[in-house]
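Notes follow the structure.
As written, the chains take the letters A, B, C and D, and residue 1 is the first residue of each chain.
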């Protein structure tokens, strides 16, 4: 008898990816999945790639999760608390939304608006000591997609005193699934294919999350919408404080992490390499002109950036091997 | 102790997909992979998405496969026989190339040129009786990517007397990985993105293979190169011989096949839905103007069209459950 | 003093392309452009590529076109008649919508529904004698995008007795701009990129238009949505009635047409080659297996398929050289 | 009788774009175009979108340009000088290559290697006073594609004392045509579509060119290869030295430039908006967290980044209106 699992908010892209991963997970039994306007639809009608899954979406109410051991919340920002407070303490929860990520209520207000719901264990196992904290938690706040991609490249460099936390500049490009599944004109294929554009320029909500997890003091973060369905490529630059090779710092930091791969010198991350997987590829060098460190990070925004990370956290929360049901290798080309 | 497996021709796209599938297969142990000009390179340098696999490509010689139970051949057309004849009869072989697919040596000559190497068991388990023949074989010729996508839509319609084999017209579009990994100008991203074009118009080499497997007597087949990395969408039309609903004919034919999904009425196949999986999605209707049957089929050219199919065949050859190590659900969006 | 021109329905993709072409037209002065929900917006806010045009969208009412010599209607199907009947007879009109294309009111009812508005001169100058009829008209119904792409490949073959009108099979793939600019989930970039799918399978509304213009008696037409913003590639097959080379038939038919290019033998059309232009590229051969004629046609659905064609028609209606303000050469890569 | 023009190196993407622009230019008569391995081919066989142009590529020798008034060089880096020195002084030359862009021979050696050919007038008319210098020159070195996109966003901010030249960080993404037309595996459609990756990370050759034209003292520049055929999006960040609105600084600087558009506040550049045109779209703001200026710039790498810019320069050199034969509006969607 496996661990009984439910997904709240299963009609979006992160929810769909969760269903896909759970369908192949050997220990988690997907028993219920819910949605809002799509309640009542077979999963295959909402997510054609899950044709054959044989599950119908229910309504997102606490009742739907009465009989489960684990709930993944993939709800719009601001809606997690209302459901979470109705679930018994014995049910473990991973929230893919942003509601419980920030320790600083003021930062929440400034970037998200609305009331701050609270702070849960931050679900990034590769941070020092965090794997253990997650394993001991019943409530975990999953990382933001841009945040995790940036943090993995930056955190060890600041922690090791190699990169200056006072002047970090990040430009990160994301595939369109990161913008969600709501039908909006600027996300139409006709508008996006063949085009690149920045958005939320100079005021993205992942800034406080990145600062909290890395110790960066000043962060210029620019997100770019890229013509591809999945993937994030983050270019993270910071002043070098030492003469150390930043690649070595990263390689040491992640020597024992199954999902973080620091590439051989000379090879640089490509998002296609991690597509469909839970892996992150990293590389770093020092700019010959400015002397700044340039660290580059590639992730799948629906994998390590959302659903894969959530399953990794849940594995830890249930004492399972961290890689259970997750892919190391991306689907390419 | 698992079944020891080797891959000959592991540097191309089909070879890379084989490595990816084998890395996650619970019964097959990937012990050797070979290449031609890339021999000596770590797998991750050739296939960045397989970073971490910890295998170095050897040279494609018979010696490299001395100690294995199963060999997948992913060599250029015309090169399989030279290696296959050097391998002992006890080693099971699945050839992803075209060399052993056709029973008709003249058709081989006409479409491929060169000497006809022979005929092996045709590796399409969903054809009637074929699953058993494959299970009893030590040599299996995998299907062509366009061929399998077309055959699965067409064969049951002709077999049931629903579609006229005398006038079949197929237009099938493929992602670029179907054209291989050799550096050619017309396959550059700049040339392909934002563009569609036909090629080998009126003379594609999968025609005799489709006719052999379906009983079609006359086949007009036009392949189209599409701006996406993976996937085939085949539109198969034929005169209706009866008033039967072609969807029902397909649904009955594949009621027990785990990888072939006849969609609910009103839903039509999309290639993204099967990307990275071994599944094929099918739908069919009757054209209101011409009365022709239109059957549409979507596959992943590297999955059911190549490496996935090969693993499915190998599973059968070793008495394993057909779905072992394969995905039912595609990676989408 | 130039010819004063207005565009009704300027916020969609066809409307935007009209504005772009008119901005560069040496004889037509764009003086008014209207929209529905976007009325009041500067053109550059609605069509960012037209930043600098210095025009604000008005409301689509007859008053807006009081003072113009020429009106292009780019309205949703069924809305052209209401505006057209309010405009004086002296104002020349090209309707990009479908309302006035069909001579057969029953066919209109069957494929479009609603009342048939009437029949205007069919705006395809390359049809025999049609250039003169357009020049003599004050009301012209522009062609459908799939229709013109198919008709140009098929009409001369049927007219010359080379292709059998009784069994025509067409599969045509279009970029997403052909599906319009309304925000719909299935047109999101995340859903379309990396994917191909058929739609309106077996019942597309351009069927009667193609039959009317070509004399085809039976037509199986399947449209495919392709992951690119612009372009249509049509594969048109029909039984050969003679031993003639179909390429020659096409080359003779279009020897004097500036926008229709029959490619050299061995070269096949690519949609990128005509992107942004008013040109159509054609090629044809005979299938070696079935003996069917395969004619392939590439157009820009917003160019020759909509706005470019409309300008070409208007040029003729005003006695201007047909190519005025239009591009022969596409923007590639 | 127009101005007689030749293009050396017409088989690549920049060369093809030059031919396309010249075919529509009212004053320049394209009389000769040359290539290396493609010499002898009709233009339409090399550039299918130029089918109908009726020109055959000659060999790239000085003889080919004997009788022309203006030559565009679109040769590989390092090959311009050999041809240029053989052409009479009376022939005006615009070099699209990098050979004559840098004043600093050491910087040339460091980034390009080989002997420094010399320094020509820098062909960026929007720099203060540069329009006049170009008009007075017979030899002009066209800008690099990344360089012009970055310089237009950065130069006025440094010149006005608004941005700190000591700590400039640029991340710029380019479509694949910027990488040229040579057949290389990493530029295959299969490798690029659905993927983003950095390259030449920390050591791109446009760094000295950007510094020379803007006065930047320290420049971290990271180029990204994006899955689209054309377009560059540059994100340029620098410390703010004043409280000025950087958008205003840009708007003032380009108030009279026909091709540079500073967008309305709230709108951000998209590459599709300038595709096929000679325009650049700009916007700027101040990051709320770091206080850094973020300026974003979009260009067409083959337009303002190469061929369009070259024609603009040539227009000036011949006393023509700067916009002759060039497009203000991009082809979108």
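Rule of thumb we're sticking to: contacts are C-beta pairs under 8 Å (C-beta built on N, C-alpha and C of every residue); 3 or more make two chains touch, one makes a residue touch a chain.
Note that the structure is a prediction, hence the values are computed from the model and not measured.
Any chain touching chain A that also touches chain B appears here: C, D. Overlaying chain A onto chain D using CA atoms gives a rotation of 180 degrees, to the nearest 5. Averaged C-alpha coordinates give centres for chain C and chain D that are 34 Å from one another. Rounded to whole angstrom units, the spacing between the C-alpha centres of chain B and chain D is 44. Residue numbers of chain A whose C-beta contacts span two or more other chains: 13, 175-177, 190-191, 193-194, 227-230, 270, 272-273, 275, 332-333. Those residues of chain B that touch chain D in the shared complex are 13, 175-177, 179, 181, 183-185, 187-194, 227-229. Considering their complex, residues 13, 16, 20, 23-24, 44-45, 47-53, 176-177, 193-194, 229-230, 261, 263-264, 267, 270, 272-277, 279, 281, 327-333 of chain C touch chain D.
Here chain C touches chain B in the complex through residues 167-169, 171, 173, 175, 190-191, 193-199, 201-203, 207, 211, 218-222, 224, 226-231, 233, 235, 237, 268-273, 275, 283, 285-292, 294, 296, 298, 332-333, going by the rule given at the top.
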